[in-house]
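We call the chains A, B and C, going by the order they appear; numbering starts again at 1 in every chain.
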Amino acid sequence: MGAIMKLRAIDPKVVYLLLFIVLAVPLIRPIGLPIEVSMYAQRFYNQVEALKPGALVFYSLSFTVAKTVEFYPQMVAVTQHLVAKKARIVYASWLVDNPPLVEKLFTDLSFEKRGLKYGTDYVHLGFIPGVATGMASFARDVHKTVGADYGGKPVGDLPLMAEAKKAQDFVLLVGFLSINFDQFVGQIQTPYKLPLVVGTDGVSFAGMLPYLSAGQVMGILNSMIGAAEYEALIRVTGKGTGYMDAQQMSHFLIIALVIVGNVAMIMQRGSRRESR
Amino acid sequence: MTSIDLRRDIAYVIVFIMGIITTVEYFVVSPGLRSISADVQSWATIVAAFSLGVGSINLLRIHGRQVVKRGQGYYNNAVLLAGMCMTIVVGLWGTTSHPTYQFIFFNILYPSDTAVWSLLGFYIASAAVRTLRIRTKEGAVLLVAGILTLIKNSPTMGVVWGGFSVIGDWLLSVPNSAAVRGIMICSAIGVLALGLRVLLRQERTSLGGR
Amino acid sequence: MIASGRIAALGILVVGVMLIVGVLILAKKGKLSPKIRKVPGLTAIEESIGRCTEMGRPVHFAVGRSSLTSPNAAETIAGLSLLGHVAKLAAQYGVELIFTNQLPEVQPLGEDIVQQGFVASGKGEQYDSKNVRFLSSFAMAYTSGAIGIMHREKIAANFMLGGWYAESLIMAEAGFNQGAIQVAGTTQFAQLPFFITVCDYVLIGEELLAAAAYVSEDQVQLGSLVGQDFMKLIAIFLVLAGALLSTVGLSDLARLFRL
C-alpha cells in the first residue's frame, strides 16, 4: 500500500531527476530513433522546393533569445535548402535580439566559402522596429522603412535591394515567428496575398493551424520536431535530429509516469473499497 | 486648462487623425492617401525605435534609484546597470556585429535566458504528472488528449503505428482549431473595442490619463 | 474605390463600430445599466486575501508583459483594474501586497494604482513603494527575479492577471511549490492550458476583461463589453449559418466574405 501511495504522488524532485537522466543520456549517446515526416513540414518543404533559381525570398525572425534552441536548427535546415535552390534572400528581424542570430547563421553555414556574395545573393536588414506598424510600413515601401542594412550600408547601394522595394516583389515569405505572428499575417501576408511558410515553437504551433486550413500559411515547422523532419527531407543530419532522441525519450517518460500515477490512483481506490 | 491637459489634448488629436488616416487608407484606393499613410507609418516606426531609448532611460531611473537609496538587493540593480551600460557602449562603439558584442550576446544573454527557459521543461513534466488524472470526466478527456498529443509530437511513434499521426492530426485540425478560432474572433473583437475606446478618448489608462 | 478583397472586412468593421460606439454612447448617458455575472475567480480573489491574513503572509500580483502600446494592451489594462481592487482589499485586511512588474511604462501606473487602493481603504500611510517592484523588461530575467521574490517572501496567494506568454508556467509552478493559492487570467490561449492545470482558479479569455469591468464599475468598460457580446452573437450566427449552408453545398456566404 505504501508503494502505491508513493507512485500515486511522485515527489517532483524524483520527476526532475528522471527527466534529467532521459534528456542527458541520449544527448551524450544518441539512439537514432526513426523520424516520420509530418504533412506540415512536407508542405513547408514543397513550397521551398518549388522555388526557381534567383527567386526573391523574405526571411524574417520574431522570437525571444530563450527560444533559440527551438528555432535555430529550423533556420539552419531551411537556409541550407534555400541556398541550394539558389534563392536570393532578404533577412530581417522584428525583435531587437534576433539580428545576431542571423549573423551567426551566415558564419555557421559559411556563406562566404559557398561563394555567396553579400548585396547580390543576400542582404541583412537587421532589426525593424514598430512591430505591426513596422511590418505595414515595410510591406508598403521597403526602402523608406529601412534606410540602411545591419552593417549601416544604405540599402540603395545594394544591388539585390533594387528588386526588393515592396512586399509583392517577394515570391515567398519565410518566417521564424513566435510572438507577432498574428501581426505578420495581418500586415504582410493577407493584404498582399503572399505565400507564407512558418517555423515556430511548440507552444505556438497549435494556434497557427487555423491559418493553415484557411490557406494563409502554406506550411509549418513545429519546434525541434519540425527541424528534425526538415533535416530528414533535405537529407542532412543536424542539431534537430540530434535533439529529437532526447525530446522523445522525455515524452515517453512523462507518458509512463502519468500512466503509472493513474494506475496507482485506481488501485488505491479499489483497495479502499475492499477494506470497507 | 493646465499644460498637462493641453499636451494630452494635442496627443489625442494626433492619435485620432493618424488612426483615421491609416484605417481609411487600408480600405480605400487612393494614391494620395496611400502616400500620406506611408509617411505616417514610417514616422511611427521611427518613434517606436526611440521608445527603446526611452525604455533604457526608464531602466536607468528605476534601478538607479534603488542603487542610490541602497534598497533591498541594490547590488543586483548595480550589476544590471553595469551590464546595460557596458553593452550600450560596446554596441555604439563597435556596432552590434563587433566580436565583443557578439561575445556578450552569445556567452551571457543567450545562456542565462535559455537556462531559465529550460526550467519550463521540468515544470511541465511535474505539472503533467500531477494533474493529468482520471478524477472527473473532463479530467479523463484531458488525460487522453494530453497523451495523444505527446505521442503525436514523438515522430518515432508515427513509424510504429500510422494511426497515431492520423488521430493527432485530427485532434489538432478539428477540436483544437475550432477552439483557437473562437478565441481568435473574441480577441479580435476585443482589440477593435480597445482601439475604438482609445480613438474616442474613452480609455483612461492610455496617454497617462486616469 | 474600395480595395479588392477588403469589402467584407469593411462591412464587418462598420457594423462593429456602430454597435460598440452606440452602446458606449448609451452607457455614458446612463441609459444602459449593463449587468454582468460575477466571475467565479473574483470570489476566489477575496477568499485568497482572507487566507493571507490568517497565515500572515503576503500576496503577490503581476500583470504579465503585454505592452500598453500593443494590440493586447486590453489584458494589461484589465490586470491593472484588478490590481486596484486587490490593493483595496489587501489594505482592508492588513495584508502585504507585492506587485512585480516587467513593463517600464506600467511602473508609474502601478505605483499610483496601489497607492490609490490603500488610500481608498483609509490606510494610505501603510503604502510602501518598495513593494511595487520593476524587475526587468526581459521575460526570463523578470521570471527568475519574480520566482525568487515569491520564494523568499513566502507568499500565500499569487495573482497572475494580464498578458502572459512563455513565463506563465514557470511562475505558476513556482507559486504552486510555495503552496500559494493561485488565480490567473489571460487571453493568450497558448498559456491557458498551463494555468488551468496548475492554478486554482482561471479567468479564461474574456472573463479577465469582464472581471476588470465588474470591479471598476466603469460604465464605459461595461458598455464596451456589451457591444463586444453583441458582435460575438453576430459571429456565432454567421459561423452556424455558414457551416450549415456549406454542408448542403451552398457556399454563397463564404464567397461573400471573400469580397
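Simple rule for what comes next: a residue touches a chain if its C-beta (ideal position, glycine included) is under 8 Å from a C-beta of that chain, and two chains touch if they have at least 3 such contacts.
Keep in mind that this is a model prediction, so the values were computed, not measured.
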item: Category of the chain touch graph - line, ring, star, complete, other; value: complete
item: A-B compared against A-C, more contacting pairs; value: A-B
item: Centroid distance [mean C-alpha coordinates] between chain B and chain A, Å; value: 17
item: Interchain centroid distance [CA atoms averaged], chain A/chain C, Å; value: 29
item: Multi-partner residues of chain B (at least 2 other chains); value: 26, 51, 113, 116-117, 126, 128, 132, 180
item: Multi-chain contact residues (two or more partners), chain C; value: 71, 140, 166, 189
item: Touching two or more other chains - residues of chain A; value: 12, 64, 66-67, 131, 206-207
item: Touch list for chain A against partner chain B, complex; value: 9-10, 12, 15-16, 19-20, 23, 33-39, 64-69, 96-97, 99-100, 103-104, 126, 128-131, 133-134, 136-137, 140-141, 144-145, 150-152, 191, 202, 206-207, 209-210, 213, 222, 225, 228-229, 244, 247-248, 250-255, 257-259, 261-262, 265-266
item: Of chain A, residues touching chain C in the complex; value: 12, 64, 66-67, 131-132, 179, 182-183, 193, 203-204, 206-207
item: Complex contact set, residues of chain C against chain B; value: 1-3, 6, 9-10, 13, 16-17, 20-21, 24, 28, 68-69, 71-74, 77, 80, 104-105, 107, 109, 112, 130, 134, 136-138, 140-141, 143-144, 166, 169-170, 173, 176, 187, 189, 194, 197-198, 205-206, 209, 218, 220, 224, 227-228, 231-232, 235
item: Residues on chain B engaged by chain C in the complex (per definition of touch); value: 23, 26-29, 51, 54-55, 58-59, 62, 71-72, 80, 112-113, 116-117, 119-120, 123-124, 126-128, 131-132, 142, 179-180, 183, 185-187, 189-194, 196-197, 200, 202-206, 210
item: Parts of chain C lying in touch with chain A, wherever the complex brings them together; value: 5, 70-71, 139-140, 165-166, 177, 189-191
